[in-house]
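Shared between the two complexes below is chain A, which has chain B as its partner in the first and chain C in the second.
Now for the complex of A and B:
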């Protein structure tokens, strides 16, 4: 027997005790990793939403509010459609303080007999769009042809496959990276294709509530305000001067999301802190019980010549072994829960949720591992300190 | 030169004097028994000789060196290098086999050597039981493993506290025979006991009463 393995021998000979401690450490690392990964995913989602939204002000028809919840449509991918005259875009561009303005047109595919899957189709003008086009250019890199589609990351179809929308065969040519927002469940195409799809939908008897030429309608205008201008002013100007539209500041939409995220993050942090304190106390309590159970063993080892430092080293090795095993299991369990069920968590929280990349996950795992090891080290130092006050000779005489 | 000399040793707990100005000399190779009723100071003396405690007053000379003022760390080293301890309740590490229990003592002293540990078990007649756990050994066998463990590092002094207190007569005789063998080989033995028969096996008996040396008895019938 290699005596450096003495601590491991003890662990294997007491499987019940080892399992109990390992489970405690596993709970701690699970809470730390899962909580941290969730908080990071929420923050990533928020950043992604800010980056993708890109616009300061969004203009929609005044009737839009009665049809859909705009926040939900943008954040959670609720499908919907509404239309207004395309001249709204020109009116907006003429407003002082508007740097960029680009229209988008929405179409929801709901009917199974006409379409492959129910999705939100968004038509953009590649020449003027500044919200989605940069990401499309990054993902696809070529101009979109008629009936070409770029799909969001959560749309279950392969690049190269055909999506049937209102009996029109569209080609999936690219896929956007995940954003953690409703954009992940939408498909994007050019305005030309969108107009063809609108005509097709109408031709199939789908009542889109469009009065007039489908080529002359849009659903929303996305506005980027000049740096030296105020989004509030532009927003107010539109609401006062342009009829039948409603202007919404994205900042206000984001504030709602941001408040929700801050609340969820705080709750998560408190939960992690609470679990950490509780688990730490449980680990200390478990060590306390173990000291009582093992004080005779430690007294014998002291009598045989083990110094306090040697015994501390032995306790630390045992603790470290349990921490390594427990934290690895906890992190793996957290990965198995958080990552596959990210969509469900996003749905339940109702907030943008973008899971961190592999590098950040490794950092979080390393942080969790070190945090757990630190907790174990503190617990083992406390145990070693308690043991240093044990009167070995008294224990050996009394036998307990 | 004496192997051990206690000079004017006192151990004081508050107002209680567990040992009161005790003077004892133990020569190299000698076998001494320490007897006395409960509360006479036997355990306190055992702790001081075994480097598990320090006297309040006086000097403890081990091999001519005063160890009474040494640090706890130094006392651990002295105990590890020079003293083999045997207890009434055996105190084996319960998750290690008999041979591993002997090797633990080697490990903290120098280097574990399984063959040497098996030889030590052979000396106490337990080589065949080397791979057994303490729970698979009788009380007598456990005590013999503890004797082997105490011997393995060739200590200058074997210090035994009631070594036969938990044994039946047959096993008591086996352990005493082992002590006789050790004595013949030149090992110094100090045995703390309340059993007159065990004390009579020693060359000399020191009787403690109320923390003082009440008398010393030379065993005229001592048999090598």
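Now for the complex of A and C:
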């Protein structure tokens, strides 16, 4: 048998030992890859949320807070509806410092065709909207007709299919890209369609608490403040001067989410660091014990003519083989947990969660693979160095 | 007659199929009946995959009990096909709920995907190993 085949023979002839070391490396690799992928997904979600929110200030009726949690509704897609007179939009547009203002109207379906959960329908004005329309334009280049719908990425209906809302057949004409935010579970349409749906809902006896004409109501006004103006002053002005509405700064909402994300991210980084240190020490300890047990074997090899360099090379090869196998298995296991169950992780964390693209995932996997290989090699380097100073004749004389 | 010793891969396959079947009946379960007593689409997908997973667990147990290469190879081939069928049932053959945040999309489908792929790959490896063993006359 050739000497270079010896490390692989050592691994296969001691399956228990090889399995134990492989599992150790696999845990490290799993923790590194799964943790990194989750942290990247949270960061992507936050970036996407900041980019998609677009508005500096949101104005809602004062009754909105008693009906729904505004942060959850606007950021996480919790279903809800509330209405105010559409003249609020005109009042807001007249305020100094307001660059753009656009209204949205919300409606919650009681039941979609297939599911027992309500779907949030959001009416936008395509001519003035600056929060959703840019993303709709990317997915669907044409103007939206009456009863046309654009669905979020997590609404599982095919483009071209019909969605029946309050007995009105609406055509799904496009789908938004995934954002990792509440936008993914909503359905978007024009204000004209929204007013028809509101009338249909009222016609079916649903009490939407609309006083007056359904064509003259809106749910929220999204405001973009001029660069030379302050969102705080616009926000305060609205709260003081416009009656029956409440103005909310989106920066405050984002701060809440970003604080939550920073907390989750830090906890995960500490956990990965802890697992890395623990696994590193365990690998060193395991190699030390194994090499101590195998001193006689190494002494015999030395007596048969193997140089110290050859013995060190053998340990390196054994370690590298274990690290390659363990890290590949760990990465595959992490892929099987993080990617398919991304929706569940998002739900449990309650934070914007947008998984990285294939390119970034490959980079993360490569980084994890190299990191684990380096950790294993450094851990075995110390033991290999000790081994090179072993006095073979003394070990053979003493018998251990 | 001396029986052959139990193979490690057979035990792993049995445990995987058992966890899959138990999982389908517990943590991978979809939503129950609606208020009006009717069921959502995903219920039928769940029932079909649960049936397949129980069948797979029984077949993998039979493979361990009989310890016969020919029968084992046949069962392994059927496990590969059943795992593929389980993979395509939720979503492709039987539609799931509309909202992808629901249990059927967030828990059942990914769970079936992970178990299905692992069992299909391991069973395929088992087929190759048993076929090679048969060729060597073991």
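Quick note on the criterion: the second predicted complex is superposed on the first by the 390 of 400 C-alpha atoms of A that agree within 3 Å, B and C clash if a C-alpha of one lies under 4 Å from a C-alpha of the other, contacts with A are read in each partner's own complex, and residues count from 1 in each chain.
What we mean here is this: a contact is a pair of C-beta atoms (placed from the backbone, for glycine too) under 8 Å apart; a residue touches a chain by one contact, two chains touch by 3 or more.
Quick caveat, the model's predicted, so the values are computed rather than measured.
After overlaying the two complexes on the shared chain, residue contacts for A:392 are found with chain B alone; chain C is out of touch. By the touch criterion stated above, A:10 is placed in contact with chain B alone, chain C being left untouched. Of the two partner chains placed around the shared chain by superposition, chain B is the only one that A:304 touches, whereas chain C remains out of contact.
Of the two partner chains, neither chain B nor chain C is touched by A:240. Of the two partner chains, chain B is the only one that A:296 touches; chain C does not reach it. After overlaying the two complexes on the shared chain, residue contacts for A:340 are found with chain C alone; chain B is out of touch.
Residue overlap on chain A between its contacts with chain B in one complex and with chain C in the other: absent. Residues 31, 34-35, 40-41, 95-102, 105-107, 109-111, 113-114, 117-118 of chain C are the ones touching chain A in the complex. Of all residues in chain A, only 112-117, 119, 153-157, 184-185, 336-337, 340-341, 343-344, 347 touch chain C in the complex they form.
Residues of chain B touching chain A in their complex: 43, 47, 50, 52-53, 72-73, 76-77, 79-81, 85, 87-89, 91-96, 100, 103-105, 107-109, 112, 149, 161.
Residues 1, 3, 6, 9-10, 13-14, 296-297, 299-308, 310, 392-393, 396-397, 399 of chain A touch chain B in their complex.
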